[in-house]
Each structure stands twice: as structure tokens, then as C-alpha cells.
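Written out below as C-alpha cells is the structure these notes cover.
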Amino acid sequence: MLAQILINGLILGGLYACIAAGFSLVWGVLNIINLLHGTLVVAGSYGAWLAWRYWGLHPLVALPLIALASAGVGAAIQAGLLNRVVAAPVLITLVVTFGLDLVANNALLLGFGADYRSIRPTWTLGTAVIGGLRIPLDRAMAASVALAMTGLLWLLLRRSWLGRAIVAVRMDADAAGMMGIRVRRVYVATFALGTGLAGAAGALLGLVFPISPLQSEAYLGTAFTVCVLGGLGSVVGAAAGGLMLGLIESVATLYFGAEYASVTSFVLLIALLAIRPDGLFGRQGFA
Amino acid sequence: MRRLAAGMALLLAAAALLPIVGGPYALRIGMMLAMYISLASSWNLLGGMAGYPSFATAAFFGVGAYTGALLQGAGGPLPLAWAAGGVASALVAFVVGWVVLPLRGHYFAIASLAVVIVLRQIATNWTDLTGGGMGLNLPVLALGPEAQARMIYAAQAVVAVLATLVSVVVAGGRLGFSLRCIKQNETAAGMLGLNTRAAKATAFVLSGAIVGPAGAIYASSVSYIEPGDVFDILLTVEPIIMTMLGGVGTVFGPLLGAGLFLLLEQTVWASFLSVHAAVLGVLVVVLALFLPDGVLGRFRRARA
Amino acid sequence: MTALLEVSGLSVRFAGLQALADVSVTAEVGEILGLIGPNGAGKTTLINAVSGAVRSTGRVTFGGRSIAGMASFRVARLGLARTYQIVQPFPAMTVLDNVAAGALFAGAEGTLPRARSAAERVLERVGLQDAAGRPAAELTLAQRKRLEVAKALAARPRMLLLDEVNAGLNASEIEGALALIRGIAAEGVTVLLVEHLMRVVSGLCDRVVVLHHGRSIANGPPAAVLADPAVVEAYLGHRYAARAAGMAS
């Protein structure tokens, strides 16, 4: 029983880590809470659904394209809109991303309706039964890919020029600018990374969860809670927070039932903010 | 000061005349305007004057609506039910404020939003008390539709007038000064001897006390509420947009913004129902990018 | 006679850095106490700890009352006011309102109009009365430093903690600031002054405390402290000591 909860929680957690990593990056570097994030994830899911429905593509195959498209959208939004309000007060940036979310969510509702859809690819790994444990292999694969992408982000931030530039901008945008870094372009790249990851996470989630514009709120809440759990500004924190939240929700589902699972994350969020607003790992600066 | 008094007198006269000269449509518009004014003025206390962007307005509205509905359902007189809505919301504001007001910036905003979501979930799951997702029916009022419309309008109008009075008193006095100091430099204000927690809590509780009755009256007017209606995220954001439209931190900004918003709602969006949210979203983005100080703010800067 | 401010065994730790270690300082009523030391020695941290802005361990009593761990607004209301090294005005409010804030919150003026008239008097004291109606953001640095002091004065403090109130001022502005501080002390307000200018320290202070790496390394009259070899080594430098000795002989 415990092992099953562990498995379920880790699978969930891997997906959550990926949802949150891009969100945390944007928040940590740009100080923008992207209220559009949840809808972007759902859009990624729909992208995967379309690719499956009309071209028979498995979400894993469609993944790179979806990630690229999401990143492109993000770049456009940052360059065209958000770069104007980067230094603005919290209220302004929240309201702008909220407005964008309204537009995007409305568009999804118009385009796809509110009904839940699922992706049922013909190629499926099935379920492994080891001992008494049921391991849904498609989900496990999705979670692994999700964690891999999160790891890629970490690598990017550590090893690539862009990554170091992002970290520099995060630490001191003015100083970075004086060192020759085109700060506004880095902002665009950062936001694009965040949205690209969101879309990619959505594509993977489409394999696991039903798809509907109504899901965007829950994904956004997940992203928040993971950031607060794991600490802002750290990919490792997002990964750790994601895994923790996955485990917590897995336990909550067992004891309280599925409908309480999502509210668990919001209650946890409030509790965490009340006790340790800097998260369990604190603000360490992006690694 | 004289212009202020004259303007208020004019508005009050118009408000009092409305039930007499206006038909049912005018009464409905008046009721909505009054409710919007209450919500926007309430948000402005903490969000506008102190600079703490609260997303908790819907929490107060919902608590007020359910409290009022339950009391009304138990046979209580309407004014009592409505007042109780205010008391309940004020209490919730006090408790929630205890937890979230020490947070700054984004964390405060997100926590206040999370409160709405959690309360909505509680209302959905506590079926015994609230009817859960199936909603709550209120006893139909023993009045004809016209008399009911007049009464509801009068009730919301009273709350709106009270809300504006609260804004005027707060803005002109010590609390408003304290909130403005907090907005500009909270640390310095504390160092100078201001109990910032108490000031913020007072503003938060006042805003809850205003929104609660508005929610309770709303419940009475629609006779059926469900969690998604009253703990609605749009409902928590729209007062922010109204206040931004009119002028954040000013007394009459929320009133002006509520009026403008209602105008837009009735003219533009009525024609675009399926894209209502998207149009609102575009408005919001344009507002935030180009008119962050609102109409009054622009007006002031033009004069200065 | 018990001192107005008594600090003993004060320590402050920030995530791995011991900013203050076991510091003890006292300030007698009416004294002008100087606090000097190299950058990073812990001078501002000491002010932050005493005024309640950062957590600390150790004993701090003010006017006989323990204020260790007290919220900063309560400390201010007890009569201990401070200024900031990097000035902290309310930028969009007028100079008058900035000072009125001090009078209203800690200065025990009950209403806004009374706080504003008290503020007018304070502005005249510091020489900023002509700027009363302007937004604080428009002032020059020297004026902002004065505003910072005015805000603290409006709080009617028994003791004033001044953090580098002269940094960035030119010679004549410094003279004006010194005259102001002397005037404040003459009215019975105890002053703690963080300073980098030795001539200010020797000309103004009754006693000097020297901090180095979070510890107090000297405490006494200016002449003695400035000649102390440990202080010379840590902070003043041998050239200064030679010059001072040369001037004395």
C-alpha cells in the first residue's frame, strides 16, 4: 500500500516538477507571476490531442513541436507586451498576465468547448504489475520525460551561455546589462523557456489526465504550490517541490478522496505561506 | 471640499430618484452599479490605498452571500440576514488577514487568491450546510417583482453609500495616511512607530464588512446561489479592474471605474457574449499597459 | 546612574555570517556617542538590532525597559528613533507629510492636522521649511538627509540613532549637519552617531565605540580611542596615526 502511494506520488511529482519549473524560472528571473501558465499547459495538452486525433502522432513525438510552438508564443508575448511592464508593480504584472489568461482561456473554450477529452494512443506500454504494485507505464514514461526536461533546464542554466546570462540577469539585471548582456533579449528567452516547458508539460499531461480549459486553474495552483514548497528560483527546488507535492496529493487522495486532492494543494499553499514563505529551500538564486 | 459635497449630493439625489422615475431595467442597472461601487471601493481600501493587491474580494462576497442565504432560509428578517453577511465577512477578513497580511507582494496576492479557491471548495464539499455543488435555494420573497426590485436596489444603494462614506472618512483621516505611508515605504512607516499590521488589518476587515452585505443582498435577489457563482475569480478581479480604470487609491476612482465598467459591460460585451472574457482580458491588458493610473490619475497628471 | 541605553552580549547572525558578536555598549543620557569602524564591521547591524529591525540575541534595555525582541514600531514609540544610511522617505508625499508621519505615529500627536503643525516646527528646526510642499523625491541629497533627521525628530525621541548622516555631503553641508546635531543634543536628546569622518567624531562625540568584524574593540573618549593601536591597526591606518601624532606634537 505504502509503496503504491509512493509510486503514484512520484509519477505525479515528476509531472508537477515540469509544470512548475518554467513557472519558477519566469517568477525568479523576471519577477512576473505568469497567470497564463495554467492555460498554456492546457494548450499544450490540446496541441498533443490535435496531433493525435488528426495525424495519429503519439504525444511524445509531437512534444518537440509543441514545445517549440509554445516557446514561440511566449517569446512574442514577452517581446511585445511583458517587456514593457517588467519593472512595474506587482498589481500591474498580475493584471496583465491575468488578462492574457482570460483571452487564451476564452479562445480554448471557443475552440474546443468545455467537454473533457482524452488521448488514447494506439501505441501504449500498458501496466506493469510487480509484486502487488500496479505501475501504469505510460504515466511513468511521461513522468520520466517530464523530469528529464526539468533536468535539461538545469543543465541549460548551468552550462550554456544563455543559461549563465539568465542567471546573471536574475542576480543583477543592471550589472548584467553593463557586462554586455542584452537584458531584454534574455527576458524574452527566459519567458520563452518558461512557456515552452509549460506546453511540453501539457503535451505529457495529455497522456495522463483529461483535457479541458477548466483544468488550467488546477495546473496554475500546482505551479504555485510547488514553487512555495520547493523555494523560488531553483530548478532543484522545483523538482523537489514537485515530487513532494505529488506524494502529498497521493496520500491525500487515499485518505480524503479524489475531490479533496486538488484543494489540498491550495490549503498547503496557504499554510506554507503562513509559516515559511521562502519555501523549504529558500531563495538560492538560479543554479 | 465644496465640489466633493456637491458631487456627493448630486449622486445621492440621482440615487434616490431612480426608483421613482426609472423602470425595471433602470433599477437593475442601478442595483448592479451600486454593487460594483461597493466592491470596487472595498478593494480600494487595501489594494489601492495601501498597495496590497488583494484577490480576496470574492471570498468576502461568497461568505456574505451564504451567510445571508442561510439566515434568510432560517426565516430571519432580510436586513438581519444582510447585516449578518457583513459581520461574517468581517470575521473571515480578520482571520484570513492574520495569516496573509504579513506577506508581501506576490505572496500576498497569491495567498488571497488561494483563500477564494479554498472557500469555494469548502462550500462545494460541505453539502449539509451549503447544498454543495447543487447550490442553495433561498425562500422566494413575498413581494411582487417591482417591489422586490426596488427593495433590492435600495439595499445595494445603501451599502454603496456606506462604502463611499467609509472611503471618504478613511482617506481623509489617520488610517488613510497610514495606509499611504505603507504603500510608499512600509519599513520606514514601521520604524516611525506605525503599527503596520493593525493598520492593514483594519483596512482588510473594513473591506470585508462592506462586501459581505453586498453578497447577501445579491443572494436574496437571485434566490439561488452556488459556489462557483459567488466565489468566482472574475468577481474578485473585476473590482480591481474597475478601480484601475477609475484611479487606484482615490476615493472616487472606484465609483468612476464602476460606472465605466458597467457601461462597457452593457454596451460592448452584451453584443459579444461568447467572447466576453476575451474582451475583458484585452481591456485589462490595455489598461495595465497604457492607463495604469486610471482615468482620474491621467486627469490629475494633465492638470499638474 | 543607569544608562539610557544598555546593550550587553548582543549578537546577530545572518545565515552563516556572524554580523555582531557579543557587543556591549552603553549610552548615558545626553551623551553624543560615536560608532566607528571599517565597512562591514556591523555598525548598521547594531542600529538595526537595537531598533528592532533584525533579530538578535542578548540584552538590550532602553530607559530601564527591556526592548530585545520588541517590534520596531513599539521601540519607536518608546522614544528610540533612527535614520537610515540610504534614506527612506515616502517619495510621493510632501516633505511636510513625511515629517508629519513621524509626529503622528511615534510622536504621539493624535490627529493629522496637529501632526502637520508639529511637522512645520520641526522643518523650521532643520531648515527645510521652504521645501515643505514639495514631494520628497525632488529633494537634493543633503536635503534628504535633513528630512531623514526631521522625520526622526518629529517622533520626539529620547535617543536618536543616526546612521552615516553625513555620507555624501560636502564640507559646508557637513558643518550645517554638525550644528544641527549639537542643537539636538543640547535639548537633551541622546545621540548615537555612526561616522566615517574622524574630525566629526573628535569634534562632536563625548565617547567613541569602535567595531571590527562584529566585535567591540575600543570604547572611550575620542582622543584615547583614536590613538589606540588596535584601532589604528584595524581601521585608521598608520598614516592617519602618524599625522595625528605629528599634529599633536
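Of note:
Order of writing sets the chain letters: A, B and C. Residues in each chain are counted from 1.
The criterion applied here is as follows: a contact is a pair of C-beta atoms (placed from the backbone, for glycine too) under 8 Å apart; a residue touches a chain by one contact, two chains touch by 3 or more.
Quick caveat: nothing in here was measured; it's all calculated off a predicted structure.
Put simply, the chain farthest from chain C by mean CA position is A. The most central chain, judged by C-alpha centres against the centre of all protein C-alpha atoms, is B.
Centre-to-centre separation of chain A and chain B, using mean CA positions: 32 Å. For this pair, chain A with chain C, the centres built from the Cα atoms lie 48 Å apart.
In this assembly, the C-alpha centroid of chain B lies 45 Å from the C-alpha centroid of chain C. Contacts from chain C toward chain B in the complex involve residues 51, 53, 71-73, 76-77, 81-82, 84, 88-93, 97, 100-102, 104-107, 111-112, 151-152, 155. Listed in rising order, the residues of chain A touching chain B in the complex are 27, 31, 33, 81, 84-85, 88-92, 94-96, 98-107, 109-110, 217, 221, 224, 228, 259-260, 262-263, 266-267, 269-270, 273-274, 277.
Here chain B touches chain C in the complex through residues 173-174, 177-178, 180-181, 184-185, 187-196, going by the rule given at the top.
For chain B in complex with chain A, the touching residues are 47, 51, 53, 99-100, 103, 105-107, 109-111, 114-115, 117-118, 121-122, 125, 233, 237, 240-241, 244, 248, 274-278, 280-285, 287-289, 292.
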